[in-house]
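Note that chain A is present in both complexes that follow, paired respectively with chain B and with chain C.
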Partner chain A sequence: MSAVLAEMPKSDMSKTVMPATTKAIAPSKGGRSWTFYVLATLFSLYVVALYGPMFCIYVLSFQDIRGGLVFPMKGHSLHWFVDLFTQVRTGDVKGSFDRSIKLAVIVTIITVVVSFLAGLGFRKRFRGDTFVFYMMIGSLVAPGLVLGLGTGLLFQALGLNASWYTSALGAQLSWTLPFGVLVMFAVMSRFNHVWEEAAYDLGASRWQSIWLVMIPVLAPGLVAVALFGFTLSYDEFARSLQTAGSLNTLPLEIWSMTLNVTSPSLYALGTVTTIVSFIVIGASLGTIVLIQKKRGSQAKG
Partner chain B sequence: MQPSPSPNSSPSRANLAGWLYVSPLVLVLVPFFVAPILVVLAASFFATDGFGGLTPGFTLASYIEVLHSALTLKLYLATIKFTVLTWIFTLIIGFFVAYFLVFHVRNQLLAIGLFLLCTVPFWTSNIIRMISWIPLLGKEGLINQALLAMGVIHQPLEVLLFSDLAVIIAYVHQLTIFMIVPIFNSMARIDKNLIEAAIDAGASRFDIMRLIVVPMSKSGIALGTIFVVSIVMGDFFVVKVISGGGSASVVSAFYEDVGVLQYPTAAASAVLLTLVLVAIVSLILRTVDIRQEITR
Partner chain C sequence: MKSDRGDIELAGVCKSFDGATYVVDGVNLRIADGAYCCFIGPSGCGKTTILRMIAGHEDPTAGEIVIGGQNVVGLAPVQRRTAMMFQSYALFPHLTVRENIAFALRVRGQSKADRLRVSDAMIEKVRLTQFADRLPAQLSGGQQQRVALARAAITEPRVLLLDEPLSALDEQLRVQMRQELRRMQQELGITFIHVTHTQLEAIALADLVVVMEQGKIKQAGAARDVYAHPHDRYVAEFMGGQNVLSGRVEKVNGASFTLAQAASDGIEVPLQARATISVGDEVDIAVRRDDVALVRPGRDLPPGCTTSLPSRVLAIEYQGYFVKVMLDTVPDDEFVAYVPEKTFFADPFTVGDVVMATWATGSALPLA
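What follows is the complex of A and B.
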């Protein structure tokens, strides 16, 4: 995704005036064909269907004490948000929220560092690289619940206690790292090797070329990897289920709420966690755009 | 792949450097992917006392039990049904959404903006997005209310939520993004001049689609297919929450087995599922070298 952002053009090419071609499926100029309107409708419907249900629960979470799980809205208040963090029967929301954030930060840091290094390693072929690559793909496609159970049984067999910062951390990394490395692949493929060669020619060590050339150039891509690391960990469920031990992470807490809480506080929790996700997404995308803008102005000035 | 950037690179040095760089990745994947899979494999051959206790040994009893049960076939058929239907819908929607963004939106900045609009929900909680179907599809949900008000139906439809239909809707809703992103990426690399040239040479809209766009987005389709198929086949959450216990899949049955401590049968069924998944994924990988695709 950052790779797409990185290719933002300086200007819109479509302003060139050319005769319209009626047959074109993809006219870069001239009138729109009927397919445009059909596909635009499809696209709009898709976006509405994508966001519509989510907005329903945000709206419903702001009901007052009479509120139920379905429309119509019954009053407006923040009752269910207060309920969420004060009631005992809804479980340990605060604690699990805390744990999830901490875990996501740890996962993010490890994912960025490890994916970056792996991205560097995969640039050149080496004996066994295909094996490592397919191990990674395997880790990505394996059913999360099965992997989680395996990890849980492994910890049990080794006499270790499963907890969110050991077994669940590892289980989540087996999910975030393949994504991180795949994003790194896309980012690295746009890295111009001439810059690195130039650094070597100017006498840079391997370490200096990484720290002073590659990391600054690849910064937007690394932010994207961080975004994947954080959000995938923060929302991870299947792999954490058997590995988190006695203390829940937030998605596990939501899961147990779906089984026994039938009040809008469930929706309130959904609203709160989505706000956190949106803040993280906004901050990451904002950082990427900011870096790109700064570069654009530097290149011009 | 690319020419080596470092000045000294005898093959053995390159091998060593490569392994050094990927060693942290390997150090995570071995204990948290390879070892757990092996543990599950081992557990599938163990005997059980029925109370969660495992007796190390080698017996095929669990496999025989799994393969002999009529339930297994039913579960696999249900899972395959979900997978195929989800795949078809996500592919059609994903393909045309990507096509619209790449070929119809003229302002590239706008295209990227709309693309991000499609991807944002991917970074939010799946569980929350599942729950959000309740006020829409439920018995007293919006769709039923609307249909009742319009007089189309006289009783609330119960099939909307807690049915196979709802499961498919939820899957398509959740997974279309996995089709859009890779297909968008491969379509974005198609040279627009190629299409202009095809038009000049008299190709019809359908010809361009059949001979240029589809073949050139094949790698994106393959990549999206791997994501969708592996997620649907490995899912139990959507099936459990959205079907309300009415439907089951291989992994949701696995979850029930684990719940009642039937580890060996659960493990045996997991091993079989993994084999099926590996077979499907390697079949897809034979048609496309994804590593080359991504690094291109």
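What follows is the complex of A and C.
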């Protein structure tokens, strides 16, 4: 066979063999069909649309003292970051940041605890469980501004002073709790109730079964609920507007700054808050990875 | 502490989840201390519910559950000194093998040193020492089962309850783990109660086989007894290995009676314990499949055989040491002969052949 091939003229061979090979190779040569490129382009545009505006803010926040609110970029320095925390005219950034973090932490703790308990409660069906569930979901659909306005009015009617740690806390919980509970339901659905039964069989009390079995197994899910609670609270605006009282939370402060601050320190603030968000998200994901890694390394040992 | 005996008595135990239908309906049973007892029946027959009631995960609607002379209804599993091995093992996914096994000791508040000493001894007993620091997800099915067994056994129970322990394993492993269960039971010297729907598993393991149907016990006895002497049609068909025939009693003479058959002279059946049979009764009888001999028409019947039924061969399955021959002996019902391999191939039949199905008269068994 090889002898026959060797004797054949070159041109002949390419004529007879080539068409078959090109056909066979074609799909792996191109690798991907045209739809891949269309969808990849679409996705790239989406990413640009998503992050482009924010990126403009970040870039403009690093201008020097001559900087303005629009491109082109004038020099580069950290001037507006210093300005942000030192100048009184830019507003109470430090105080509002402080309040927002505290509020977010309180909201997170309450959301995690209540969602976990709700998750426990909804393991079994009870009378009116669907009603309770829909009532809870209802506050997700209620417009935030209206809900905040109502909360503010109610506090006024009751003769209470609206403040970030009372009325705003309540208004924010009306938003974070349903979310937390929904996430918790998804997490709980993967919890096998036989584990609880096994713990009971081995002599664990209810507390021991929750503490030694449920919480550790559900830990990654609980971190996810915490993350939801924190981020939803940290940048909550609509519900806080009428309920925060005399002292602003950070989103309210930023909003008021957009009305009267005309310097890039506004952008610097955007950059700082974004960094905080990323730190929180990174810490949460890190915790989840750490939990899983700890289990993995234990396992290898 | 109370009695160390693990003998169990169920007295009139009933369970209803909705107040109308009874999943377990008036069960009475005595299980000896240190016995290996298998509950067997189709799904939904109440066998798992009985197990869970003995374990303390379910309370009976009525009746008493007595373990070692003490009524345990209302007590927690630890107080009963029972331990359960769950169907899918229910190993804690976040704990290592060692931590899983030591869990019961941990919740009792034992010191870490004590816990380690006792659990490591148990780990060695189930031959898992090299896997002690692994997570359940990193173990094979058989290893997971051993962890579950060790975790239950470390509480030093007087009764160990196993809910379909072998159903998650593949065929080969199942046979192997079956032996391991039996070995553990003998080593621990405690009562095992094992729920299964596999007949082979039950008769291979159990000292006491309990056949259930719709919340009631159909028959309870030694494995050989239940297999070879089923009480009624249900048990005979469920345990397998039997052909069930029915017919009207034609005549009763002394120690035997004759069952009328359309296509033949009738079937002679020894009365045995059934003294109450009279002419005209509709009666079921059972004949073991391996007692049935097949003879070509016109040849002499083997000695001791008085009954022969003409049949056509419907199908033949080679099973190794025997050949399964399916026949049309009984209209609308299965009739099977297990013919020893060597006998069959000395004069093999083919599908469509007409044969005479016969058996020694003494091996026919009247059913209730």
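Side notes on the structure shown:
Heads up, the rule we're going with is that the second predicted complex is superposed on the first by the 262 of 301 C-alpha atoms of A that agree within 3 Å, B and C clash if a C-alpha of one lies under 4 Å from a C-alpha of the other, contacts with A are read in each partner's own complex, and residues count from 1 in each chain.
Everything below uses one rule, namely that a residue touches a chain if its C-beta (ideal position, glycine included) is under 8 Å from a C-beta of that chain, and two chains touch if they have at least 3 such contacts.
These figures come from a predicted structure and were not determined experimentally.
Applying the stated clash criterion after superposition on chain A shows that chain B and chain C can sit side by side. Greater residue coverage of chain A by touch, when chain B is weighed against chain C, goes to B. Of the two partner chains placed by the overlay, chain B and chain C both lie in contact with A:Glu197. When the shared chain is aligned, no partner comes close enough to touch A:Leu160: not chain B, not chain C. By the touch criterion stated above, A:Met136 is placed in contact with chain B alone, chain C being left untouched.
Once chain A of one complex is fitted onto chain A of the other, the partner contacts of A:Phe122 are limited to chain B, with no touch recorded for chain C. Once the two complexes are overlaid on the shared chain, A:Leu285 sits against chain B while remaining clear of chain C.
By the touch criterion defined above, A:Arg295 lies against chain C but remains apart from chain B after alignment on the C-alpha atoms of chain A. In the overlay built on the shared chain, the residue A:Gln208 is in contact with chain C alone; chain B does not reach it. Applying the stated contact rule after C-alpha superposition, one finds that A:Leu78 touches neither chain B nor chain C.
The superposed three-chain arrangement places the nearest Cα atoms of chain B and chain C 5 Å from each other.
Applying the stated touch rule to the two superposed structures, the overlap between the chain B and chain C interfaces on chain A comprises residues 197, 200. Contact residues of chain B toward chain A in the complex are 1-7, 9, 14-15, 17-22, 24-26, 28-29, 31-40, 43, 93, 96-97, 99-101, 103-104, 106-109, 112, 114-121, 123-129, 131-136, 138, 140-142, 145, 173, 176, 181, 184-185, 188, 192, 195-196, 199, 204-205, 208-209, 226, 230, 233-237, 241, 251, 254-255, 258, 263, 266-267, 270, 273-274, 277-278, 281, 290-291, 294-296.
Residues 55-57, 76-78, 83-84, 86, 88, 90-94, 96, 103-104, 106-108, 133-135, 138, 151-152, 155 of chain C touch chain A in their complex. Taken together, the chain A residues at the contact with chain C in this complex read 192, 194-195, 197-205, 208, 212-213, 216-217, 295, 298-301. Those residues of chain A that touch chain B in the complex are listed here as 1, 3-5, 8-9, 12-14, 21, 23-26, 28-29, 32, 35-36, 39-40, 42-43, 46-47, 49-54, 56-57, 60, 69-71, 110, 113-115, 117-118, 120-130, 132-133, 135-151, 153-154, 157, 170-171, 173-174, 177, 181-182, 185-186, 188-189, 193, 196-197, 200, 206, 227-228, 231, 234-235, 237-238, 242, 251, 254-255, 258, 266-267, 270, 273-274, 277-278, 280-281, 285.
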